[in-house]
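The next part holds the structures, each set out as structure tokens.
In what comes next, chain A is part of two complexes: it sits with chain B in the first one and with chain C in the second one.
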Partner chain A sequence: MLFAAALAFIFDPANLLGEKGILPRLMDHLLYTGLSLGVALLVGIPIGLIIGHTGKGKNFVIALTGSFRAIPTFGLLLFIILFTGLGLGPLVFVLAILAIPPIIAGAYSGLDAVNRETIDAARAIGMTEWQILGKVEIPLALPLILGGIRSATLQIIATATIAGYVGLTGLGRFLIEGLALHDYTLAFAGAILVAALALVADGILALIQRLVVPHGVSRGMARTTTRSGRRTAPPALTGTPITEG
Partner chain B sequence: MQSHGVKRIAAGLVAIGLTASLAACASGDPLGGGGGELGTITVGSQGFAESDILAQLYGQMLAANGYTVKYSPSIGSRETFIPALQDGSIDLIPDYAGNLLYGADPKATATSTADVMAALPAVLKPLGLAISSAAQAQDADALVVTKEFADANNLVTIADLAPIASTITIGANTEFESRSYGRAGLESVYGVKGWKFKAIDDYGGPGTLSDLLKNNIQVADIYTTTPSIKANNLVVLQDPKHLIAAQNIVPLFNEKSYSVAVANIVDRVSNVLTTEELMSLNEIAAGDSKPSPEKVAKDWLTKMGLL
Partner chain C sequence: MIEFRGVSKQFDDGTLAVDDFSLVIPSHKTVVLVGSSGCGKTTLLRMINRMVDPTSGSILIDDEDIAGLEPVKLRRRIGYVMQNSGLLPHRKVIDNVATVPLLEGVPKRDAYARAMELLDTVGLDRSLANRYPSQLSGGQQQRVGVARGLAVDPNILLMDEPFGAVDPIVRADLQQELIRLQQELGKTIVFVTHDIDEAFLLGDEVVILQVGAQIAQQGTPSEILANPTNEFVANFIGVGRGKRRLSVDGSVESNGNDLVLVDSAGHAAGVVDAPGGVIANGDSSPKSRSISNKTDQAGDA
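Coming up: the complex of A and B.
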């Protein structure tokens, strides 16, 4: 009953546009997500690649960013607002803080999982460190790098609902208004919209993941994992030297 | 090794002794006032600083006048503390007149202090509850503007917003817009319509305040006892037509614990407690030294000559 009423709300054209409409709030939600993810990528990817490639400082960085995960995002947001006042900046900052750990972890573990023999081989044939990173490590690590980005994106989409508490909008407003006014249909509709957005975003990212990951990597990985359950199975015997050495 | 072990045991014994003596302190009346020959009264509070201070004001007055007082702080919202009063787990709690009335009788329409106080006893009687005198102090929603904005637009009452209503944004919690004193009430009572609304769900806290000071919103819903009103020289728009329900501080008893003698003691607090005084109590409690509600209350009662 509640579910039907919530769906009726979502598909009622009257609720699509206007100041409190679904579309403008969806656009705002996407804006917050995009900005936060952008900041998190700018910070997280280079750090993840550096520690993944050099192996230096990995314990420190992983422990530090891991501890970020324990920060309550909403509490941090309210704390920052004490000093800055309301605005987009504090929201993007806290959402980026939320998203950076999985991005770093993805990039780092992606590079870390690349077979050392492959890297040694690349070095042996005269590749520079940048070439190794760009032509060997990143392509091979892409599935895990993108996995980290996917997980970060989902967390941002779900958590961006708190924007509605601090003078911004986004899909979280439906939840907040529904709870404040004891209109649970509205709150449930908001929850459905956020969940649907998360699923769609995840689907799109899964598609991108499939498109950009080199064919050989996904083939090689699938084969090695199914055969032995371990990535370090000796694929060289199967004659796919470019993928995993 | 031997002496090390002995030291350790000795340290353990000292620790146990300390704990025991601390526990003894905690169970006794920390203020040492009152004998308790008149019976025991448990004072509850609603779980935020102002309520804790008010509970201490009532409790310390009772303790100083011969009652044994226990405190049961942070009980929570009305949905929790009304049953706690009814089952006798607490005897007394500070409450807010308007919200108490609307909580007990959702169809109530009284808004002025006099009307609310007149309506309350009849509504509370069937619930087994009683009140004594309300304080002049109120912690109610208030429409607040900056001094500059008030001066520039000659604002004194809420009605003065009507001519500029279409140019202003009001910032408040989400539910404000649909409350009786929100969009509908502002239009029907004061002719204030066409304003924009910005939902800021921090109950008139720092976010709302910073937006008001930055002129992102021109009017904010901030509770009347919030220290930031005085600290920032904000102007509370007057409400001569009682759009917003009066929220005078009122001692709420369960009927079994209510007596004229107890009421008279508690009412000595109500008699001198003004909104200004309550705001300054909140300000002290929020100050840098973070004094306990106990100390804030004791200092104030002493200052007012009640202890």
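Coming up: the complex of A and C.
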């Protein structure tokens, strides 16, 4: 059977190391993911926090998240490579583009959900805007901010399979090689590996997300999130892992 | 002393919340701004700590125009208590109370020690210090809010309907507590409420406001009750509806020292000291005898 054969491939120690082994490709996959996520965080978090804190540019967030989702990542990657040539840079760039919208949306909606009265009180007792952001808004918004990061991470992991098409490696190579050689066991093994990585990453991030819920909020309910009533990541932000390639 | 000089505030949407308002609030007194929703009373209050800046006119604290002060610095030396306590939900009670001193760089140890004392001051058990706000009752949260307001030992305490969201029994409790506190501390308190009974109970001076923060009447509770300047005031304080026009109900057997008072609709409203059936004149503490404070001025009736 295909599934059993794919599992047999994955757990065969002979396939673990070596140039085309699972481990080096997994490490590469994680490298691409980490770099892209880092870039996306550097860009997305400040934008999301600024919009969430000031309340200005809400429409921009909605338009951005909507339109960016429609960008075909692979198409964009090929387009950029036409100008830059193959390399890690273009890949990280397009994956970051993919990940920025959910990160902005998470940061923005997290801050937006913090009770206005709490913020007003913080200002009225004499906190500066930076103190309000750092000591009130971010701690209270952290679960939703992480929800956005979690969603972004999953999308990057799934989409980083395209690295295999542009001269890089990663877990996507198994899919590409498998399809090219009509070795569907290999392709299926690749798909399983990507899905498993996504699940593990999602599990770890879900755990962290639970841990950062501030004390006092987790016990009491409702005082931080009057507007939307949401306390965990909204479903729209937690993307399901899709295995492209 | 807080002084409003010809202050107006027009919001971005065009609403004229405050229209040419002038008032002097004396030090160490409780002044209550009272009026219906939308009369601009909260806007007035929030102008004192520059949460709202006036469109025109000026506000002075001890003869210093606050427009020239840095808002954050100004706010840190003014206590602020709001309706739903406004506590930081992710911080323990002790940290909430100590918030401003810690921001001001007071060593943690000292700030905590002071916060503990403040819990005593507002009548909270010290064992609550490590709870989170959500683990407290509404009344307890308000007490923490008051403690936080007092943390930097401010001269001025701004209170924006602080007891509006708690049940009547707890509210009465908190009101008495505030009266006691004020006797001890002698702050300049500016208190905003829509509840005229609360205003008369707490205020050394009461300012009744109409739309646009127009002063309908200003004076001590007795002055206002004795001489409502117009029908608006009379209605607002209840005289117009007969609620405060009390008379002795002769049909009730008295115990010899008290007489039952009824309002103009015949509902029992309180009792008055009447040793031997003669109403005592000029009793200095009529509050203690009343069912509710609406009979505060029973001696005048």
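Basically, the second predicted complex is superposed on the first by the 216 of 245 C-alpha atoms of A that agree within 3 Å, B and C clash if a C-alpha of one lies under 4 Å from a C-alpha of the other, contacts with A are read in each partner's own complex, and residues count from 1 in each chain.
Convention: a residue touches a chain if its C-beta (ideal position, glycine included) is under 8 Å from a C-beta of that chain, and two chains touch if they have at least 3 such contacts.
Here the structure is a predicted model, which is why all the values come from computation and not from measurement.
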Message: Should chain B and chain C be called a clash or a fit once both complexes are overlaid on chain A?
response: fit
Query: Between chain B (first) and chain C (second), which does A:Gly85 come into contact with in this model arrangement: first, second, both, or neither?
result: first
- prompt: Which holds for A:Ile138: it touches chain B only (first), chain C only (second), both, or neither?
  reply: neither
- request: For A:Ile22, decide between first (touching chain B), second (touching chain C), both and neither.
  value: neither
- request: Could you look at A:Glu117 and tell me whether it touches chain B, chain C, both or neither (first, second, both, neither)?
  value: second
Query: When the two structures are overlaid on chain A, which partner does A:Ala40 contact: first (chain B), second (chain C), both, or neither?
result: neither
Query: Which holds for A:Ile100: it touches chain B only (first), chain C only (second), both, or neither?
result: neither
Residues of chain A touched, compared between chain B and chain C (which is higher): C
Task: Taking the superposition as given, tell me the minimum C-alpha spacing from chain B to chain C, whole angstrom.
output: 39
Task: Give every residue of chain A touching chain B within the complex, in rising order.
output: 78, 81-82, 84-86, 164-167, 173, 176-177, 180-181
- request: Could you pull out which chain B residues touch chain A in their complex?
  value: 171, 173-175, 178, 198-202, 206-207, 210-211, 214, 216
- request: Would you tell me which residues of chain C are touching chain A in their complex?
  value: 46, 49, 51, 72-76, 80, 82, 84-92, 99-100, 103, 132-135, 148-149
Query: Taking the complex as given, what residues does chain A use to touch chain C?
result: 115, 117-118, 120-128, 131, 135-136, 139-140, 214-217, 219-221, 223-224
